[in-house]
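Letters A, B, C and D mark the chains as written, and numbering starts fresh at 1 in each.
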Amino acid sequence: MYSFRNDYSEGAHPRILELLMSSNYEPNIGYGEDIHSDRAKEYIKRLIEREDADIHFIPGGTQTNMLVISSFLRPHQCVISADTGHINVHETGAIEATGHKVVAMPCKDGKLTPDIIKKALNHHSDEHMVQPKMVYISNCTELGTIYSKDELISIHEICKKNELLLFLDGARIGSALTCKTNDLNIKDIANLVDVFYIGGTKNGALLGEALIILNKDLKKDFRFLIKQRGALAAKGFVLGIQFEALFQDDLYFELAKHANEMAEILKSIIEETGYTFYAEPYTNQIFPIFPDTLLKKMEKEFVYEFIEKVDENNTAVRFVTSWATKVEAVEAVRAFLNKNK
Amino acid sequence: MYSFRNDYSEGAHPRILELLMSSNYEPNIGYGEDIHSDRAKEYIKRLIEREDADIHFIPGGTQTNMLVISSFLRPHQCVISADTGHINVHETGAIEATGHKVVAMPCKDGKLTPDIIKKALNHHSDEHMVQPKMVYISNCTELGTIYSKDELISIHEICKKNELLLFLDGARIGSALTCKTNDLNIKDIANLVDVFYIGGTKNGALLGEALIILNKDLKKDFRFLIKQRGALAAKGFVLGIQFEALFQDDLYFELAKHANEMAEILKSIIEETGYTFYAEPYTNQIFPIFPDTLLKKMEKEFVYEFIEKVDENNTAVRFVTSWATKVEAVEAVRAFLNKNK
Amino acid sequence: MYSFRNDYSEGAHPRILELLMSSNYEPNIGYGEDIHSDRAKEYIKRLIEREDADIHFIPGGTQTNMLVISSFLRPHQCVISADTGHINVHETGAIEATGHKVVAMPCKDGKLTPDIIKKALNHHSDEHMVQPKMVYISNCTELGTIYSKDELISIHEICKKNELLLFLDGARIGSALTCKTNDLNIKDIANLVDVFYIGGTKNGALLGEALIILNKDLKKDFRFLIKQRGALAAKGFVLGIQFEALFQDDLYFELAKHANEMAEILKSIIEETGYTFYAEPYTNQIFPIFPDTLLKKMEKEFVYEFIEKVDENNTAVRFVTSWATKVEAVEAVRAFLNKNK
Amino acid sequence: MYSFRNDYSEGAHPRILELLMSSNYEPNIGYGEDIHSDRAKEYIKRLIEREDADIHFIPGGTQTNMLVISSFLRPHQCVISADTGHINVHETGAIEATGHKVVAMPCKDGKLTPDIIKKALNHHSDEHMVQPKMVYISNCTELGTIYSKDELISIHEICKKNELLLFLDGARIGSALTCKTNDLNIKDIANLVDVFYIGGTKNGALLGEALIILNKDLKKDFRFLIKQRGALAAKGFVLGIQFEALFQDDLYFELAKHANEMAEILKSIIEETGYTFYAEPYTNQIFPIFPDTLLKKMEKEFVYEFIEKVDENNTAVRFVTSWATKVEAVEAVRAFLNKNK
C-alpha cells in the first residue's frame, strides 16, 4: 500500500530531528526569543535579501492565516480570495470567526487575476458593504497551479493602486518555487507582497510556518497579536530549530524539488497511459481523472483523495507527493497502470 | 550559570524523541486521526477510568483555554477566574478576543473558593450584566499552590448547584498531583470537573496539551471548533506520539515528581538559610524572598524571574524546576547561599 | 419632484405619532418592560395565534439580523442565504463581525429553494468546513418577490429534516402578505419558521422591528443577548407604542396594502407604455427597465435608485412605494411616460 | 405615586415632538444624510467651536460605547475604565463581545485619576498582556459625580504622554455641565478628548446619542463601522430632528439644568432631615441612605432604585430627576420625610 494522500503524513526530515536531538538540553529562552529562532530568521533574511523583514514562526497554517488577516484589517474590512482559497473553503470559518468577511471570487485554476480583483472592488461601492483591504493568494494554489512572475507583478500593481494589502499563503511555496515552469524566485515574492509565509509542515518539518512581514506599517505589536491568537509557542525554539535546519543550507528547496520530481514522473506515467487531468499539473499535487472501474482496483494498492465525479464513469482524484515519497512508490503506480491498461 | 527560569526551556524527554524517531517514516493519517493519537487516548482513558471521555490533543495552552471557553459559552456568558488566573493576566486578552468577559475575583494564594464564586454569582443579577456560566481554576495554580480534594469537591458542588461548568487548567497538573501535600488523584479530577487538560509543554513534551471532555453535553462538533481556532494540527500524530510516550507507562508522573523533588530540596535550602516565601511553596514553582544585595550577586550565577519588590530591601523572585533540572543545579544554590550568608 | 427612493423617507403614520404624544408624560418602565410593549405583544400574539411566542422590539433591521444569527449559532456554524440576501450584501459584514460565515447561494429572483439548500448542505462535508445550521430568507425578498405557501412549506421541511433553524427576515413582510398573488398568511409563517420579524421601519414606524421567537429552545436568556448587542433601548416603550398603534387594529396591513396598490398602478402604467421589468413585480419595490435617454429626463422629475445597466442603451432602476406615497405621485409618472412616448 | 426611577421614563420634550410632527411628510434621504442631521451637526459644531469635528447620531448608548471602542482599538488593545464604569458593569459584556478587555480599576467616586491610569499602565508590561490604548471616563459618572477642569486636563495629559485615546461617555453630559460645582464647558471637553458623545436619551429625546470625533486619525471610514454594528438607522433623520430641536437653541442645557435643580432641592430636603449620602450628590442622580424602616413606607409612595445595604439597618437608594420631573414630586418627598421624622 503506497500513500499519496498528502504531504504531511510522515514526521520530519532526519536533519531536523538531528538538530532537535543535539540541542535538546540547552536551556533556551521561551516564546521564540531563543538563539535558534534568531539564526533561522537570519538565514531567511539573507535568502530573501531583506534585512528589514520581521519574521515569526507560527505553529500552524490556519492559525497563520487568521492571525495575519485579523491583525491587519479594521473591523469593516474584508479579504478577497479565490473561491477555492484555503481560507474560504477549508478553515471552518476561522477568518469569519475573527470578524472578517472573505469575499470569494470565482476563478479558473485557483488563481486570482487583476480583472477579478477589479470586479470585486467595483462591486463594493459604499458603506453598506464591507470594504476590500486585502488580497489573499496561495502559491502554489489549492489546485497545484502557480503564479508566474508577470502575474504576481500585475496583482501587486492593482493592490498598490487600490491600497490593498497583498498576502501570499506559502504553505506549499517550496513546491511552487522549485517546479519546472516557475519563473519567480523568493526575492521577487518578498518584494511584491506585504506579507507571506514559508510553510514548514508540508515540506519536511514536524510543524511550523515562517511568517514574513515586509510592509513596515504592519510590524508593530505583532507579538501581542500572536500571543492573543494562541500562536506564541512556549517552546518557540522547537519551531526555530526546524527552520534553522531547513534554511542553514538549501535543504528546504531540495525537499520541495524532490516532491516535484516525484510528481513529474507520476504525471508522465499517467499521461503516457492516456489519462488526463482535472487541473493542469505543475507541482506536488496532481489531479488525474481515472475511470471508476480502474479506481476500484487502485484503491486497494494506493491511498489518494477523492475530488469530484467528472462524469458518469470518471472521477478526479488527488495524488500528492512529498519530501518522503520514494521512487519505488511512483514506480508502483506505473506498474499498476501498465497492468491495468 | 544555572537556569531556574521556567519548565519549558529544554526540548523533550529522550523517550519522547525516541518514539518520534522510530515512527518517523510511518504514513500517518492527518489531523489527529492516527494510531498514535488513538493509543495515547486509550492510555489516558484507562488512567482516569473514564472510557466515555473525549480526548483531543491541542498544540498550546492559551489555545486550549480560548478554545474551551469560547466553545462552551453562549455570547452573553462569562467565566469566573481568580484574578491571578492565567486567562486573566497572561494571555493578551485571548478569551475576550473570542467575545467573553473574564470575571476576575480577588483570591488568596491564587485559589477560588465557593464563597468567592458565590460572591461573583450574587453580583451578576440581571440581563444588564454578563451571565456567569463557567468556573476556571488552575491546578497547580499560577502561584504554585494546589487544591485539596475537599476544596475541589466544594467547588464542584457549587458549580453543579448553579449550573456552572467547571474547567480545570492542568498546564502543570503533573506537578500538582505528585506534590507531597496533594490528596487528589487524576480520577477524582475527571469525576469532579466538566473539562480539564493535562499539560505536556511544561512537563517534558515539545508541545501539546491533552484536553479531556467529560461532560457529554460538551462533546458535540468539537473538532469543528478545534479547526476553527487554528488548533487542528495537520501532523496531529506529532502530538499523539508525545502523549503516547508520556502515558504508555508512568513517565508523565515520574517527570513531574522529579521536578517537585528538585523544588523540595531548593525549598529546604532556602528555609535553612533563613529566607521566607512570597507564596507557600508546594510544587515546582517556588517564590523565595531575597535581599536585593544578595540578588545582585545571585543573578550572575542563576537565571530566575523577578516577581515583585516586597519592601525597600527585599524582592520576591520565582524559581522553577523541571523534568530536566539536575541535582547539581540545586546544589549550586545551596553552595551559593552558604557562601553568601 | 416626486420621490420613489425608498419606503423609509417619511416619518411615521399620524396614528403612531398621536399615540406617542398622548402617552408622552407617562412614567414608563425602561428596557421594554412597559405596558405599551406588553399590549403590542398581546396584539401580535393574537394575530399569529401563538400565545407561546416570545416577542422583542428591536430598533433596527441589521441589528435584528445580527442578533438572531449570533445568538442561535455556535461559533463553527453558518447561515445559508440567497446571494442577494440583505445579510450577504448590504450589512457591511455585520454577521461575519459576530463570527459567522454567510454561505451565499446563487438564486433566481432572490429566493432560496430546497434544492439550493440541499446543494449547500452537500458541499459542507466535514469539520474542515463551517457547519450549516440556519437558513435565512426574506419575504418579500430584496428583489420584491415573495414566497408562496408551498414554497415556504418545502423550505420548512428540508430545514426540519436537517436540523436547520429557519429565520425569516420580515423587514417588508407587510408588503409580502398584502400583495395580490400572495397565498401565505402570518399564522402560516409563525408555524413554519423558528424565528421571524415584522418590520416597522419600512411600513410606517419611526423605527423598530418586532422579533418573534417561536422555537422554544431559542428563547432562553434572549434579553441578555439583546442588551449585549446594544439593542435594548432604554426607552423601549417608544418601540412598544409604535407597534401598539400598528397592531391594535389593522393599521399595519392597511399601510402595506396601500403601498402595494400604488406599486400596482405604477406597474400597469409602465407595462402599458411598453416597458419591461428586471425582476417580476409583486410588491412595493418594482424594477423597471428604461432607455437611458428617457432616464436622463426622468431624473429631473422623479427620485429612484439605479440598479444595473442591462445593455448598452437601457438601465434597470428601482421604484419603491410606501404607506406615504400619494396617488398624485403615481399619476405624475403616467403623465411623464405618456408625454415622453 | 411619584417616580424617581430614572431619567428615561417619559417620552420626549414637546419641542422635539413638534419638530417630528411638522417635518413628518418630508421625503428625507436615509441613513443620516438628511438636512435635519446636517443642521443638528452644524449647531453642535458651533457650540463646541470645532468645525472640523465629525458628528454621527447613534440610536443607543451601549451601542455607541461598543462602536467607539471596537472601531479604534486593534485586537490586542484594551480600554481602561473605572470599575464602576458603565462598560464594565452594565452592558452585558458588549465590549468584550467585540473582542476587547475592559481593564477595570478600583476608583473612588467613580472617577479615574492619572495615578490610577499610571498603575494600569505599569501593570501591563509585555506582549503576554493586553495593551492599554484607550481611557474611558463618564461625565457625570455612574455615581453622579463630575470631573473638574483640572482633573480632565490631568487625564488628558497622561493620555497624550502615553499615546492613549481619551473617550468620554456623555450619556448624562448635560447634567454634568449644568451642575453648580462644574467648571468645565463643552468646548474644553471637545479640546481635551479624542471622542465623546452628548446623550439625548437621558435628557429629553426619544432616543439617540450625538457622537463627536475630534481626533482626525479616527474619522476614516466611520460610517462603515456604524453600519456594521447595526447602528446606522434607516430613518436617521428621526435622530437628526431630535438633536436639531435640542441644539437649535439652548434647550438641551435647559432640560439638564431643570433636572439638576430638582435634584438640588431633593438633596437639601434630605440633608435637612438629617440623612446622609452614599456618594457625594452633584447632579441629577443622588444616592441617599435611609433607614430600612423608612424605606418600607417610602416605597408605597415613591419609585426609586435599590443600590446597596450599607449596614444592618440602612440602605443606599438612588433617586434620579429628569427634564420631566415636577416640583410637585420633589415636594412630595419633603412632605413624606417631614411626616416620617
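In this section, contacts are C-beta pairs under 8 Å (C-beta built on N, C-alpha and C of every residue); 3 or more make two chains touch, one makes a residue touch a chain.
Treat the numbers as computed from the prediction; the structure is a model and nothing was measured.
The interface in C-D, A-B or B-C that matches A-D, meaning over half of the contact pairs are the same by residue number, belongs to B-C. On a Cα centroid basis, the chain most remote from subunit D in this structure is A.
Distance between chain centres (mean CA atoms), subunit A to subunit B: 34 Å. Averaging Cα coordinates per chain places subunit A and subunit C 43 Å apart. Across the assembly, subunit C contributes residues 75-76, 91-93, 97-99, 127-128, 130, 224, 227-228, 232 that each touch 2 or more other chains.
Across the interface of their complex, subunit C is touched by residues 3, 5-6, 8-12, 14, 17, 20-21, 23-30, 59-67, 91-94, 97, 201-202, 206-207, 224-225, 227-235, 237-238, 303, 324 of subunit D.
Of all residues in subunit D, those touching subunit B in their complex are 75-76, 78, 89-93, 96-102, 127-130. The part of subunit B that touches subunit C in the complex is made up of residues 70-71, 74-76, 98-99, 127-128, 130-131, 221, 223-228, 232.
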